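Listed after this line are the structures, all set down as structure tokens.
Next come two complexes, and both contain chain A; in the first it sits with chain B, in the second with chain C.
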Partner chain A sequence: MKLDFAFIWTAFLQLLTAVPTALAITVVSVSCGLLIGTTVAIIRLYKIPVLHPIAASYVTFIRGTPMLTHLLLIYFGLPIIVDGISEALGLSFRSVSIPMIGFAYISFSITAGAYMSEVVRSGLLAVNRGQIEAAYSIGMTTSQAMRRIILPQAFSASLPNLSNSVIGMLHGSTLAFTVSVVDINAKAQIVASTNWKFFEAYLAAALIFWGLTFIIERLTALAEKRFNLYNRGGVS
Partner chain B sequence: MGEPFDISYVFEYLVKLLPTLKITLLIVVSSIVIGLGVGFIVALPQLYKIPILRRFSQVYLSFFRGTPILIQLFLFYYGLPEILKLVNLDVAKVPAIYFVILTYALHSGAYMAEMIRAAVGAVDRGQVEAAYSVGMNGFQAFTRIVLPQAMAIAIPVFANLVIANLKDTSLAFSLGIMEMTGKSQTLAVMSRHFVETYISLAIIYFVISFGLEKLFHLLERKLLKHERRITTDVKEQLVKLGKTKRSLLGFGYSRGGRENEA
Partner chain C sequence: MIKLTQIKKSFGRNEVLKGIDLTVKKGEVVAILGPSGSGKTTLLRCINYLEKPSDGQITIDEFTVNYKRPDKKDIHTLRQKSAMVFQQYNLFKHKTALENVMEGLLIVKKLPKEKARQISVELLDKVGLGNKLDAYPSELSGGQQQRVGIARALALNPEVILFDEPTSALDPELVGEVLGVIRKIAKEGITMIIVTHEMSFAQDVANHVVFMDGGVIVEEGNPSQIFNNPKEERTKQFFKRITPDGVYSI
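Up next is the complex of A and B:
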């Protein structure tokens, strides 16, 4: 075997053009997921009557099935629902006009939402009960106590989990190739199909992902240092 | 896209997909078993801080945790035959499923190593010292004192890893393995009942991972018996103090000493 180092470099450069797609999928799914996750976590923590069982079964179902099945279900199921609704309402909108990457955004956001809700929930639970009592005792309202006392601590407690989820979604973005989105994985196949040097192309892809993961880990370590400043000193 | 929705196909495909479940489970079980061995080997240099090997296992962990499983699958599928050609080993005729199992084993091996390291590290240092003080040697202290406790601590993580592995096997279809996802794609394309097929696929995955979760939960309760005795002691004391049984519900089971993590 001869490793074609020159081709690894060419593949690497070509794969870099697909990095924005992967990052876009990651960023969109993580931010939408955080939004969904926070809502679900609050619903589950405060046990809001009707919504509570729905939220619980949403999380259980999503965490019990592979990300790929969510993507496939959304990709094939959503058009039927969208077309049915717009037909019933007499709208001209059809599912064909949804871009491919839109399906990836929607399905990965749903996936991320379930995982994020657990991250947020464990973060909120990690904050000592006495903290909110102390906030109340000096006269803060619930929203003040949440914003000033609980959320900052919950955020710093859940940072490691959050970074794991971000890395998980970054790695999950490789699934987007199943709905014909040209992400890093699909790009590697396209690049390699010209000369059949698949090994070199995937080596380049692995290097890119390794690098991206490394950067996320470093950034998290920095952020952790910054957000844990309040915890400095003392013996605990 | 596809035929109109018909719920009866969901049940029909459920039956058609079940035979391929054994391939999925074959991948899961064999990769978990091999992965446990790999994880143990990788974790040892880190636990005992062996100079150079420690670096190697760090790079191994970093690589397998830092790249997506899909990329690893393709990397091994295309790369391993070429590397083995260097030592005059022709694996061109070896079925793809062996590559898949190997990749999943190495992938979960990295996570297993982390799990083992964390679990052994979580056992209180005083336990080993106590074992030494009653005259046990290093091996006895490890097998009799550290290992049973570490196993109980590791069970929740292990359960998560097994379920994650089960869900990851859905990617094996990309190398042409006819496991559940691969089979469902063929069924869907042939009948054009896409949604129904994927619903039944999701149902099977869900039932298995839900069952696994419950199973591991039972196992964890069993392995944590030694901790439960403490809570029953508390219960007896509280009963003596004349507290009602209702107030005991708040105790649940604590994992001991993990509350003040901060």
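Up next is the complex of A and C:
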């Protein structure tokens, strides 16, 4: 078998059109996941009554089931719920008008939330207890201390793990193909279907994923440098 | 004025404070002495509710909180009336010296930024760190960090500053600079409660000395009385073992 380098390049260029979709899924799921994850981490760490067991079950169920299963459950389950509610309230909205990528956004955000709650929790645990005591001692409320003192430090402590999650979600975006969203892998399959050069097309896809991941790694390194500026003295 | 009434605290079945009564007059410098495990630090931490007392009552500046059923707002008000200097400094690691001092002024006192900055610069000058405004805690020595901690406490202009063994974590060489700063602010008439093992410092800076052991106040009085003429057997025993300046006789 001979490798068709020219076709790798052609495929590469065509696959670039699917990059925005992959990035959109990654950005949305990571941002929503970070929001959900932070909330869940705080609920679990402070053992907030009622919410605490719910949060714990959420994390164990989501981490205990594959990301593809979440997507399928949302894809087949959500329309039943949405249509049911919509009908009961007499609204004209129907689940058919939800774009396919919407299902990917929702289900991947739920997935990312569970994994990121553990990332944020480890960050929160890394912040010394003395920090919140000092915040209390100058008269801050718990939410002020959280926002101003604890979360910023927890965030910089979580950065390396956070970049892992971002990369994981980027690669996970390929699953969106199951619900007919054309991501990078799906596009490769489409491009290759004209001449059956699947290997070349997937090789191009691999190069694109590697490139995007490399950019994420560089960005994390920059962010780490920026946010950990305060550790530059060495001892703390 | 600060008035503590029957403060009690237990960790599990271990009763650490067995009903402490203490009155501190305005402008007074109180030193709390005693062996390890006597409850000194716990008492101090109970005053601003970093430790949750099981029972008792506190009055600071005519504001009373009953520890049996405190509500969240009371605790918040109580904390705003006091400030604490910690053994491990506990500076906000991600903020510069200047930002550490400004934080309370901006967020708690809601001062405009310019005003907060001006006050903070003045205070850092006062503790001898006018040239370290933009340094992060990790770039400062222990003594310098503790002086920032003192400036941070002073900034809030509290009714009382609580010092929790402020020099115990320091190199012997750096103890002097911190004690110097505390001495300086003591002269300004700020009410202070200091838990310390620096006997000669306590003797020289305090107007009132409290000796604690086993969760109770064994004896209190003015420094010369406690150091030179203790009445209680336990106090005599304690001072006999520790000669001035922490030199232990064998």
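One rule holds for everything that comes next: the second predicted complex is superposed on the first by the 229 of 236 C-alpha atoms of A that agree within 3 Å, B and C clash if a C-alpha of one lies under 4 Å from a C-alpha of the other, contacts with A are read in each partner's own complex, and residues count from 1 in each chain.
Following the convention adopted for this analysis, a residue touches a chain if its C-beta (ideal position, glycine included) is under 8 Å from a C-beta of that chain, and two chains touch if they have at least 3 such contacts.
Not measured: the values here are computed from a predicted model.
Within the superposed three-chain model, A:57 lies out of touch with both chain B and chain C [touch as defined at top].
Contacts of A:17 after superposition: neither chain B nor chain C is touched. Touched residues of chain A were counted for both chain B and chain C, and B has more of them. By the touch criterion stated above, A:195 is placed in contact with neither chain B nor chain C.
Look at A:31: by the touch rule set out above, it reaches neither chain B nor chain C.
On chain A, the patch touched by chain B and the patch touched by chain C overlap at residues 231, 236.
The part of chain C that touches chain A in the complex is made up of residues 48-50, 76, 79-80, 82-84, 86, 88, 90-95, 103-104, 107-108, 136-140, 152-153, 156.
Taken in their complex, chain A has these residues touching chain C: 128, 130-131, 133-141, 144, 148-149, 152-153, 156, 229-236. Residues 1-2, 5, 62-63, 65-72, 74-75, 78-79, 82-83, 85-86, 163, 167-168, 170-171, 181, 188, 194-195, 198-199, 201-202, 205-206, 209-210, 213, 260-262 of chain B are the ones that touch chain A when the two sit in their complex.
Residues 1, 60-61, 63-69, 72-73, 76-77, 79-80, 126, 167, 170-172, 174-175, 184-185, 188, 198-199, 202-203, 205-206, 209-210, 213-214, 231, 236 of chain A touch chain B in their complex.
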